[in-house]
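Heads up, the next two complexes both have subunit A, just with different partners, subunit B and then subunit C.
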Partner chain A sequence: MDINLGNIWHARDFILEGLQYSLSLTGFAMLIGITAGTVLAIARLSSNRMVSSAAATYVNLFRSIPLVLVIFWFYILLPLITGIQMGADKSAYITFAIFEAAYYCEIIRAGIQSIPKGQINAGLAMGFTPAQNMRYVILPQAFRNILPLLLTQTIVLFQDTSLVYVVGATDLLGAADKVAHRDNTLVDMYLGVAIIYFTISFSLSKAVKQLHGKIAIIR
Partner chain B sequence: MSTYQWDWGIILQQVPESEEFYYQWLISGLGWTIATALSAWVIALLLGSLIGVLRTLPSRPLSFIGTAYVELFRNIPLIVQLFIWFFVVPELVPTVVGDWMKRDMPLPEFTTAVFGLGLFTAARVAEQVRTGILTLPRGQKNAGLALGLTLGQTYRHVLLPMAFRIVIPPLTSEFMNIFKNSAVALVIGLTELTFQMKQITGDYAPSNPIEVMTLVSLLYLSVALSVNRIMAFIEKKSRVPGYISGGK
Partner chain C sequence: MIEINKISKWYGDFQVLTDCSTRINKGEVVVVCGPSGSGKSTLIKCVNALEPFQQGDIIVDGISVADPKTNLPKLRSRVGMVFQHFELFPHLSITENLTLAQMKVMGRSKEEASQKGLAYLDRVGLKAHAHKFPGQLSGGQQQRVAIARALSMDPIAMLFDEPTSALDPEMVNEVLDVMVELAQEGMTMMCVTHEMGFARRVANRVIFMDKGQIVEDCAKEAFFGNVEARSERAQQFLSKILQH
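== the complex of A and B ==
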């Protein structure tokens, strides 16, 4: 069996379109995931039992079931709730944003909890309200500490977007898979896709490592 | 949503034109999920420990092999890895082996899923084991060597017994992940729990997906909870008195 990775090059327009979708799905889920994750993390640390247990339930629920199953859930549930047939490509945006929020939440919560108590007391003593304290004292330090973890989670997220394959969305893997079955070039396409995922994830994780060395706060 | 016809009895109904019932499909799916996850975990734990140890060895070539393995298996999505094991590898190996993999290998989907998932998870386990070993004070290794133990004996009797106890909490989440990740194997046709759910909601009872999906989600939740409890028990039993999380 000969390997001819040139087959990937012949289908480059379609493959690139798929890659573009994977990247935009990753970017969207990261933005919404981190925003919602921050809200969830603050809620989990709230002294209000109702609020904190509601947030904890959300997080534990999504962290206990497989992402593949969550993708099916939303793929079926979203049209039923909204009454709009939105298709796999669009419903994946909502699925990943909601799902990833649970994972980002845990990272952000750890970040907030790693801030020394003295910082919080100092902020309050200076007359900040708890909300201002969170905004100006705690979160900026927490985010600086956890930035590498958030980015590493985003690399995991980028790889996980390949699972939209199960509902037939045309991401990088989906595009390659469609070409592979059309031209009967399974070997070339799957190997090519593996190389593309590896190159992107590996260089990003190297970059995150570099960044980690640069921004780490020396204590 | 208002037009949705709820019918929780769907689970107990008989599959059209067959002797079986839907709940039997789900139970069989759950069985495959557990079998796949446990078998893959054996591979992941053995190979992962080996590679984690390799990465901490003073030998440059050996630690490079360990690092290369981890980077390779961590930076390619699991679903792509499974496709490669299932569709690509049989074409690339010598024809005799390839033909055997395609025709005679027992339970091809299950075997591929176990190895694919096991090798994938091994990279993650390796990272945890390596971190565990590196967390130990350097004096432990030196003390072992000073006592006249060989490097191998130092690992076996001094470093690893401590390291494994330290990494039980992160290994717990990897153990839980392997159950969740086994769902990805539906793409190569393994008839695990999510595959059965997809089959029922897709072709057989498309009008009642919510009931089936709720039940399947509850099954995954109870698996996660059981694994969590079992690992908490092991953690408690293997706790080192007076050491790190010994008091927690």
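== the complex of A and C ==
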């Protein structure tokens, strides 16, 4: 069997488009996921039982279902129930955002809980409202502490975006898959994208390590 | 200025504070001492409502702390607090530590807040460190910044919870000096501390707590002068901390 990675080079425009799709899906899901995850984390830590258990239910639900099922649900079941046809791309964006929010939530919640009681008291004693204390004292420290975890989760997310190929979206894997079947170059294509996923994920995780040394709070 | 009326507080079944009453008049300096675990921190945190309590009331400048209608953030912003472990915000520079609450809570402009904050930083002798981060300062320096941070809110009273007990011995005096100066300028102060030298110099009254109760509450002269008239528990405590 011949392996010819040159085949990926021939299809580079199409593959690059796929990569771009994967990256923008990752970026979108990260932004929305971290924003919604922050809101969910604050809700989970709320003293209001209704609020905290609603948030906990959301988080536990999505953390207990395989992502691929959620992708199917949104793509197939939701249009059946609501009658609204969203298409593969839109439903992929929405699915990843709401799914990742649950994972980011747990990281952010741990970050908030890692802030010592003394800091919280110090903020309150200065006259901050609980919301201001969250905004100016707790979250900035929490995010510095958990940045490596958030970025690691994002690397996992980047790899997980490859699952959208099951609904026919043309992400990096989807693009490679389509070329592979068109040109009958399965081995070359799958090996090629594996190298691309590896290179991106590995250099990102190296960068995370470097970054952590730079942003850690001096104590 | 601060009126504590029959405060009781429980953690579950455990009663931390029992019927504590005292008052601190404007310009008075009151030192609170007592064995570890006697409830000193809990009592001082009740004054600015960092700890809720189940019975009694505390009136600060005419405002009830226990009244659910009281705007607690506003009340707290008028009472300065200094903690055992400094609690500067480690992610912010010294200047930002001094100005953040002035801007966000009091609505001061950045210029006004910096001017005020840096003036107090100068007063505690640390103006040259304005751009640094808390982690780059020694414990004594951090605690002086923490005092400057509280003062820059123009507090009507200051609460100190063992401000020197986390410090290396050689740094205790630089913090006490700032506190003595503050006391001599007429600041109303409630200080949990075991620094009896400080108490002798500037306190008007000394409160001794044991097992959640205020056992002694008397003028400094009586507390140190007439030891035989003190309760047995207070005598035991004093003999322990004054031994050396």
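In this text, the second predicted complex is superposed on the first by the 210 of 219 C-alpha atoms of A that agree within 3 Å, B and C clash if a C-alpha of one lies under 4 Å from a C-alpha of the other, contacts with A are read in each partner's own complex, and residues count from 1 in each chain.
Heads up, the rule we're going with is that contacts are C-beta pairs under 8 Å (C-beta built on N, C-alpha and C of every residue); 3 or more make two chains touch, one makes a residue touch a chain.
Please read these numbers as outputs of a predicted model, since none were measured by experiment.
A.B. asks: Touch test for A:Gln20: subunit B only (first), subunit C only (second), both, or neither?
C.D. replies: Neither: A:Gln20 stays clear of subunit B and subunit C.
A.B. asks: Could you look at A:Ile76 and tell me whether it touches subunit B, subunit C, both or neither (first, second, both, neither)?
C.D. replies: first
A.B. asks: I'd like to know which partner A:Leu191 touches here: subunit B for first, subunit C for second, both or neither.
C.D. replies: The first partner, subunit B, only.
A.B. asks: A:Tyr136 in the overlay: touching subunit B, subunit C, both, or neither? Say first, second, both or neither.
C.D. replies: Second partner only, subunit C.
A.B. asks: Quick check for you: in the superposed arrangement, does A:Met126 touch first (subunit B), second (subunit C), both or neither?
C.D. replies: In the superposed model, A:Met126 contacts subunit C only, not subunit B.
A.B. asks: Residue overlap on subunit A between the subunit B contact set and the subunit C contact set?
C.D. replies: No residue of subunit A touches both subunit B and subunit C.
A.B. asks: Touching subunit C in the complex: which residues of subunit A?
C.D. replies: The touching residues are 118-119, 121-129, 132, 136-137, 140-141, 144, 217-219.
A.B. asks: Under the touch definition given earlier, write down the residues of subunit A that touch subunit B in their complex.
C.D. replies: Residues 1, 3, 61, 64-69, 72-73, 76-77, 80-81, 159-160, 162-163, 165-166, 173, 186-187, 190-191, 193-194, 197-198, 201-202, 205.
A.B. asks: Which of the residues in subunit C come into contact with subunit A in the complex?
C.D. replies: 45, 48, 50, 73-74, 76-81, 83, 85, 87-91, 100-101, 104-106, 133-136, 149-150, 153
A.B. asks: Where on subunit B is subunit A touching in the complex?
C.D. replies: Result: residues 1, 4, 71-72, 74-81, 83-84, 87-88, 91-92, 176, 179-184, 186-187, 194, 197-198, 201, 209-210, 213, 216-217, 220-221, 224-225 of subunit B touch subunit A.
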